[in-house]
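Across the two complexes that follow, chain A remains constant while its partner is chain B and subsequently chain C.
Up next is the complex of A and B:
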C-alpha cells in the first residue's frame, strides 16, 4: 500500500458522495449512496487485508499540521480497525434498508447517512484528541436530522432529547480534554495513552469522560434517550444507532478512560459494576413488558451494553476481549434485529407486537432469519453472542463473582424477553388478517440480511479472525492497567500471573 | 515632524473622516438620488481604510512606533485587527441596505454616511490609549448609531428603538464618564499608561476601584453584557434589519476590543479587581442570553439574545487576562462577525411575494422544502452559533475555553460550557422549524444577489473549510494580542 492515504480516502469517498447526493434526484442519490458505501466497504477490506497483525501498534498513520492547535492525524490499531470494519459493513445495509421506505427528500437523507459514515470512520481513526472530539460531536448533526425529518410521530421530542442529552454529556469532556492537552503539552492520542496524569487529577478527568461516554453507551440511568431515539428513528437510523453509534461510548472507554486514567478507572470499578449490574437486570425486565418491538430491542441494547462496560472494567484480558467482541457482535445482531423489525414494519406500518402473530406461516424465510438473530441476541453457542457473553463474563468473574452472577442473569432474562417476543410475533394463531397476508422477504431484503447472518456465524464459529488483530492492543492495554488493577475476589489456585497465555488458550479454544 | 508622523499613523481614520465629510456635502446638495453612488463611494473608502490597515496587522505593529499624538492613539496590530473586522462588517451593512430601504422608499443618502462615521468612531475607539480619545470615539459611534436605529422615520418601532437606544446609551455614557473622572481623580492621568503606572504603584484605592467599576459598567452597556443588556432585544427588533446587522457586528467588535484594551492596558496591574466582574458578566450573559431566547418568536429578537449569549463567551477570553485569552477573544470575534453577518443576510432574504420582510418563526416553517439552499445555509450558521463541531463556531468556543483552562479558570470553563447547552436548545429550534415542520410557504419573494453572495461567503467561512484558515487566523490574533503591553 506504500504511502497511499487509505484512511483519508475512506473519509473522502462518502464525503464527496454526500455532497453529490445533496444536489441529486432521488434515484441518482440512492445509486450514489450505494456506490459510495460499497467503495468504502472495499477500501475497508483492503485496509483489513493490509493490516499487519502483530506489527506496529499504530498503522496507516497520516499526519498533517492543517489546523491551529491540533493536527489532522489519522491512524488505527486493531481495535479501531474492527470498529471501522463494522461501520463500513453496516453502511451499505443501511442504504439498502432505506431503498424503498424513504420516499421524501431522498437526496438529503442519503447525504446525512454518508456524512454519518465519514464521521464514524473519523472517530475511530482520529489520532488527535481534538480531532476525535470534532468527529465525535459532529455526529449529532446528521443524526438529529435523520431522526427529526424522517422519524415517526413523536420525532421532534426524540430528536431534541437525543441531541441535548448527548451534548450535555460531551461538553464537560471537552474541558477535560483541554486540561489534559495543556497539562501534557500534546494532542496526540498515542502520546496521551502513555502519559501518567497525577492520580488526583485522574479522578476528575475520568468523571468528565465518563459523563460523555456513559450517555453515548448508554449506561443506566442515562439511557432514557435511547428508547425514544430508536423508536422514532427510521429503520436505517436505528441500525446505525445501535450498530455503530452505541459503540462510540465503549470505544471511548477503551481508548481514553482506561489507558489514560488507569488509577481512576480502578477507583471507579465499583461504580461501573454497580451500574452495569443494574442495567443488565433492570433494562432486561423493562424489555420484558414492552409492546413496541423497537423499544424492546432498544432496551435489550442497554442490557448488552451493560455487559460491555462490566467486561471493560474487569481489568483483565478476557474482559477486554469479551467487551470488544460484544460490541462487534451487538453491532451486527441488534442492527439485524432492527432490520427484521423494519421488514415487517414496511409491510404493516406498526411496531405493536400484538398486531402481528403467526407470521411464521406466511413468511417462513423471514421467520427463520429472525429466529437466528433472536438466538444470536440470546447468545446461543455458534453465534457471535455466545463468544461475546462467555468471554466478558469470564473476565468479570475474575474481578467480582457477584457482578458476574448478576450479569449472567441477563442472559436468562435476555432469553426470556427475546423468545417471548419471537413467540408473539412469529408463532401462535394468525389473529390479524393483514399480518397473515404479508408476503415473505424480497430479494433486496435477503441481500441485506444474509451477509449479517454469515458474519454473525463467522464470529461465532471462528472468532479468532476478529480477535487476532486486537490481541496485541488489548495486551498492551492490559499491561498498562496491570499496576492499577484491583485484586479480584476469585482466587485461582493455578494460572496466576500468566494472563497472556491464558488469553491465547482462550482464543484457540474457539 | 511629529504631527506628520502621527497623521500618517491615522491615515485610515483620515480617509474615513474626509470622505465622510465630502459625502455629506454630496448628500446635502445631490439629494437622495445620489444615495447609491454615495454607498459605493463609502464602500470604496472603507476598502481603502481596510487596505491601509492590513499591512500593519500582518506585520504585527507594536511599540512606540505606533503611538500617535503623544500617547492619545495607538495604531498597533491589536486595534488594527479589530479595525479590519469593523470595516468589513460596515461594508456588509452598506451592501445589504439599498434594496431593503428602497422597497420602503426610505433609502436616503445619509445612511452610508452615517455608517461611515460610525465606523470612524469605532476605529478611534479601538485604537484609543487615552480616556479622552476613547470617549470621543465612543460618542461619535453612538451618535451615528442612534440616528441609524431610527432611520425608518415613519415606522413607530424604529423610532422607539432609536429613542430607547439614545436614552439608555446616554445614561451609559454618563456612567462611563463618571467612572473616567473618578479614575482621573485617583490616578492623576487620563492616558492608559499613566493609569497603569498609578495602579501598579500600590494597592487599589477605593476611589480607583469605583472608577474602574463605573468604566466597566459603561462599557458593559455598549457590548450588551448582562446586567446591562435590556436595551438589546428592543433595539435589535425595532431597527431596520441592515442596521441590526450592523449593530450586532461592528460596534460589538469595537466595544469588546476597547474593553480588552482598557482592562489590560490601563488596569492590567489590577487584573484581580476586574476579573471577578468580567467573570460574573460572562456567566450571566451566557445564561440570560440563552434563557431569554427560548420563548422568542421574532427572529431578530432571538438573534439579539444570541448576541448577548456570544458576548458571554467573548468575556471568558478576556477574563483569562492573558495574551492567549485576548488572542482567543479576537479569534472568537472574527468568527462571531462572520456568523452574525451571515445570519442577518439570510434573515434579509426572507421576503414574501410582495417583498415584505418576514421575521417570525412561523414564517420560516418548513423552509427547507421551499428554499433548500437558504435553509441549509441557515442550518450551518445555527449549528455554528450553537458551537457544534465541525463548524467554526465550535472552534471559537474551543480557543476561548482553552485560554480559560490555561489561566486556571476551570470553574468558569465548566459553567460556561454547560450553559452553552442551554443555548443549543434555541438554535436547534431554528433547525427544527425549518426542517421538521410543515412548510408554510410564505417565503416566496426573490432574494437579492448581493445577499446571496454575502451569505455564501459566510457559509463557506464557517463550514469545516474554514478550519484551513485557522493557522493564519491564530497567528494574526497572537501577534495582535502580543502588541498590547501586558502587565505581569
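Up next is the complex of A and C:
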C-alpha cells in the first residue's frame, strides 16, 4: 500500500460525508451517505486485499503523537480487519434500509449514521488505548440520537435505559485504563497486550473492563436495555446495533480482557460460563414467548452472544475462532433478520407477530429469504451460523462438558423460537386482510438482502477466507493464554497396555 | 468413477437451485424435467458403481471438493467418499428419489406450486447424498441437518394448513434433540481422537478400548459415552422410541414425500450412521446393548400402534418406525450386513407401500381413513397388485430354504442374528422382533383387507360426499354413493411397477452379498464372521419363527376383517383401557406436551415477566430512574430526552479525567 494512510482515509470519508449531510436537504443527504459508505466499502475491500495474511501482526499502522504520550495511533490485525469489513459491509445496507422509511430530519439522520461508521472503524483500528476509549464510548452517542429522535413511541425510555447501562460500565473501565497507563507507562495497545500485570491487579482490572464489555455484549443479567433499544430503534438502527455495536463487547474481551489479564480471565472462566449458560437457556425461553418480532430477535441475540462469551473463555483455538466467526455471522444474520422485520414493518407498521400470518402466499420471495436467515440463525450447516456454533461449542466442550452441554441445548431452543416465529408470520392461512395485501419485496430490498445472503453462504461453505486472516492472531493469543488456561474437565485416560503414541491426545486436548 | 460421483451428488443440487430460483417464472414442465432428469442421470451413474462393488474387493474412492474449516488442530473439508456402504445408499437414494420424482408428475399435477415441490425434492436428495458420501463427521452432520431442512420444508409444503406448519416444526425440533447428542458426540470424538475424519477415527477406535473420560461430571468408558451420544442423534433421525413422535405427524406432507423421506431414505440415516461407525460401536459393547434394546423396543411398540390406526398413511408410518427398530437391533447384535440389507429391501417395499397408498388416496379423492375404503380391488387393480407385492414383502412371505419376497430374507436374517448373538439383549430383541413380525403381518393385511376387500364404505367419507353431492341417507343402499375411483395416471403407475419388482426380487438376488460376502463389504462395516457362522446354526424353530408369526398374523387379520368383521370392535371394547392407550399412541404426545412444551412456555413467561421485568428492570434501570426522579430537579432532566447533553457531559468528563491523570 506504500505509505497511503488508508485507515485514516476510511475515517475521513464518512466524516466529511457526515458534515456535508448536516447541511444538505433530504435527497442530497441520502446520496451523499450512500456514496460515502460505498467508498468506504471499496476502501475496505482494498484493505482486505492488501492485508498480508501470515505477515506482520499489526499492519497499516499510522502514528502521530498528540500530547503527553497520547497518540493518534491506528493499525489493524486480522481480527480488527474482519470486524472493520463487517462494519463497512453493513453501512451501505443501513443507508439503503432508511431510504424511504426516514422522512424526518434526513440530513441529521444520515450524518448520525456516517458518524457512527467513523467511530466503529475507529474502535477497531485504534492502537492507543485512550483513543480506543474515546471511539468506544463516543460510538454510543449517534446511537442514542438515532433511537431518541427517529425511534418509536417509547424511544425516550429506551434511549435512557441504553444510556444508563452503558454509563455504569464505562466509568469503571476508564478508571482501570488510567491506572493501567500509569502502571505500564504506555498507551499503546500492542504493548499492553504483552505487558504482564501483577495477578492481584489483574483481577480488579478484569472486573472493571468486564463491567463495560458485559453491558455492551450484552450478557445476562445486564441485557435488558437491548430488547427495548431494538424495539424502539428504526430498522437501520437495529441493523447497526445488532450487526456491529454488539460486537464491541466481544472485541473488547478478545483485545483487552484475555491478552492483558490472562490469569484473571482464567480465574473468572466459570463466572463467564455460568452467565453464558444462563443467557443461552433463559433468553431462548424468553424469546419463545415474545409476540413482538423485534423483541424476539433481540432476545435471540443475547442467546447468541452467550455462545460468543463461552467460546472466548474456552481458552483454545476453536473457541476463540468460533467466537469470532459467531460475531461475524451474527453480525450478518441478525442484521438481515432485522431488515426482514423492517420490510414488513414498512408495509404494515406493526411488529406484532399475530398481525401477520400466511404471508408466504403473497410474498413468496420474501418468505424464502426470511426462511434462509431463520435457518442461518439456528445454525444450519452450510450457513455461517453453523461454523460459528460448531467451532465455539467444540472449543467449550474441551474446557467443560457441562458448559458445552447447556450451551448446545441452544440449538434446540433456537430452532423452537425461530421456527415458531416463522410459522406465525409466514405459514398458515391469511388471517389479516391488510397483511395478505402486502406486495412482495422490491428491487431496493433485494439489493439490501441478497448480498447478505451471499456473504452468509460464503462464510458457511468456505469460511477459510475469513479464518485465514485471523489465524495467526488467534494463535498468538492462544499461546499467550496457554500458561493460564485451566485444564478441561474431560480427564481423558487411556486404558492399560495401550500404545504410547495415543497418549498425546490428552496433552493436546487441554 | 470420480466424475460420476461428482455428477451424482451435484446434479440434484443444480437442479434444485434452477427449479427453486426459477420457480413460477420457469414454469411447471421445465422445472419438472430438470429435476427429474437430474435424478435419473444420478440414478444412471449410481447403479454401475454399485454393480462394480458387487463384484467384490473394490477399494473406497475419495473425491476432494473444497476446503471447509481449519481451526487449530481441527480440520474438515468437503470430500466425497464412496465405499460399499455408500454405494448401497447411492442406489437406494437415487433410485427411490428418481421414481418419486416421476410419481409426483402425476400425484402433484393439480398443485399450483410444483416447481417449489420438485426443487425441495431435489434439494433433499442432494443433502442425503452429502450425508452418505461424508468422509468426516461434520460433513455427515451437514447432510444430516440438510435432510432435516428438506424434511421441514416438505412436511410444511402445504403451509396454509396449520397442522402442516405444526408438524414441520415438531419434526425439526425433535430432530434437534437428537442432534444435540450428535453434536456433543462429535465434540467428544474430536477431543479424544483429535480428528473428525471417519476413516481415521475408525482405525483408532479399537485402541481406545478401556480408556475413560469424564462427561457431565461422571466417569465413563470413552467409547461407550461417545457411541451413546452419537446414537442419540441416530434415534432422532430414525424415529426411535422416545424421539419418534415427529414421524407420524410428518405424514402431513404430500405422500411422495412420505415415501422418499419418511420411509426409504432419510429416516434410515440413523441406521446408516451406526453401520458407518460400526468399528466404533464394536469397541463399545455397552452402547451396542443399548442400541439392541432401543431397537427391539421400538420395533415392538410401533407395531402395536400400527394395529389400531385408521389413517392409511399413519399405519405405514408406524410400520416404518417398527422396521427401523429391526435394523437397529440387527446393528446392535453386530449384524451390520443384515441391518443394511433390511434397509435396502425396506427402501423398496416401503416406498412401494407409500406410493401405493398415495395412489389409493388419489383414487379416493384425498380420503385417508381406511374405514371409508373397501372393495377397491377391482377398481384400481394395478395399485392393488403393487400393494399386494409390498405387503408380501414386508410381512416376509417365503418358504425357508427355498425362496421368498424381499422382507423374508432380510427380516429372517435379522431375527436369526439376534438369536445367534447369544446375549440376553439379543435374545430379548429376538422375541420382541418375532412378536412384532406377527403384529406386522396383522396390520399389513388389515390395511389390505380394509382397503381392497369387503363392501365399499365410501359414502361415509366426507371427501366422497363432497364430490358426489350426496349424504349417506340420500345414497341409501348404494354405499359407493355412485363414486367411481379411477386408477392413477401412468407416471404414478410406472414407479409402482418398478418398485414391485424390487420388492419381489431384491431379497433373493442380493442376500448372499449383503449377509455373507465379506469381500463385498471390503471393510466398509465391521464384519463379524463368527456371527454369520452361528446364524447358520440356529435351531430350525428359530428359522421358522418369523414365518409362523407371519401366518398367525395373517389368519387373525383375515378372521377379523373378512370372516367376522364385528370382531375388531368387540376386541377393542373388551380390551378397553389397553386399546385406548395403544390407540392414543402410548400417550407420548400428551406426555411431552405436559413435560416439555408447556413448561418451556411457562418458564419463558416467568423469566420474562418475573425475571427481566419484575427483577432486573425493577431494581436496575427503572429503580435508578425512580431514585433520580425522587431526587433533585437537576437529575429530573435526565428524563428530558436531550441526549446531546448527556454526550456533551460525558465528553467533558472524559477530557477532564484525562487531563487530571496526565498533567
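Going forward, the second predicted complex is superposed on the first by the 487 of 510 C-alpha atoms of A that agree within 3 Å, B and C clash if a C-alpha of one lies under 4 Å from a C-alpha of the other, contacts with A are read in each partner's own complex, and residues count from 1 in each chain.
Here is the rule we go by: a residue touches a chain if its C-beta (ideal position, glycine included) is under 8 Å from a C-beta of that chain, and two chains touch if they have at least 3 such contacts.
Everything quoted here is computed from the prediction, not taken from an experiment.
Chemist: Does the superposition put A:66 against chain B (first), chain C (second), both, or neither?
Modeler: first
Chemist: Once the shared chain is lined up, is A:32 touching chain B (first), chain C (second), both, or neither of them?
Modeler: Touch partners of A:32: none, neither chain B nor chain C.
Chemist: Of the partners chain B and chain C, which touch A:343 in the superposed model: first, second, both, neither?
Modeler: Neither partner.
Chemist: Counting only touches as set out at the top, which of chain B and chain C does A:462 meet: first, second, both, neither?
Modeler: After superposition on chain A, A:462 lies in contact with chain C alone.
Chemist: Given the touch rule stated above, what does A:409 touch, chain B (first), chain C (second), both, or neither?
Modeler: Once the two structures are laid over each other on A, A:409 reaches chain C alone.
Chemist: According to the stated criteria, A:102 is in contact with first (chain B), second (chain C), both, or neither; which is it?
Modeler: neither
Chemist: Does chain A have more residues touched by chain B or by chain C?
Modeler: The partner with more contacted residues on chain A is C.
Chemist: Does chain B (first) or chain C (second) touch A:174, or do both, or does neither?
Modeler: Both partners, chain B and chain C.
Chemist: If you stack the two complexes on chain A, which partner ends up touching A:394: first (chain B), second (chain C), both, or neither?
Modeler: second
Chemist: Which chain A residues come up in both lists, the one for chain B and the one for chain C?
Modeler: Common to the two interfaces on chain A: residues 67-69, 130, 133-134, 137-138, 141, 144-145, 148-149, 156, 159-160, 163-164, 167, 174, 178, 181-182.
Chemist: Help me check something: in the complex, which residues belonging to chain A touch chain B?
Modeler: 22, 65-69, 105, 108, 130, 133-135, 137-138, 140-141, 144-145, 148-149, 155-156, 159-160, 163-164, 167-168, 171-172, 174-175, 178-179, 181-182
Chemist: Please give the residue numbers of chain C that touch chain A in the complex, ascending.
Modeler: Per the stated touch rule, the residues are 23, 66-74, 78, 138, 141-142, 145-146, 149, 152, 156, 159-160, 162, 164-166, 168-169, 172-173, 176-177, 179-180, 183-184, 186-188, 190-194, 204, 207-217, 222, 600-601, 603-605, 607-608, 611-613, 616-617, 620-621, 624-625, 638-639, 641, 643-644, 646-647, 650-651, 654, 657-658, 661-663.
Chemist: Over in the complex, which chain B residues touch chain A? Could you list them?
Modeler: So the residues of chain B in touch with chain A come to 368-369, 372, 376, 383, 388-390, 394, 398-399, 401-402, 405-406, 410, 413-414, 417-418, 420-421, 424-425, 428, 431-432, 435-436, 467-468, 470-471, 473-475.
Chemist: Touching chain C in the complex: which residues of chain A?
Modeler: Residues of chain A touching chain C: 67-70, 130, 133-134, 137-138, 141, 144-145, 148-149, 156, 159-161, 163-165, 167, 170, 174, 178, 181-182, 221-222, 224-225, 227, 282-283, 285-290, 316-318, 321-322, 358, 360-361, 364, 375, 380-382, 386-387, 390-391, 393-394, 397-398, 401-402, 404-405, 408-409, 411-413, 415-416, 419-420, 423, 426-429, 461-464, 467, 471, 475, 478, 488-499, 502, 505, 508-509.
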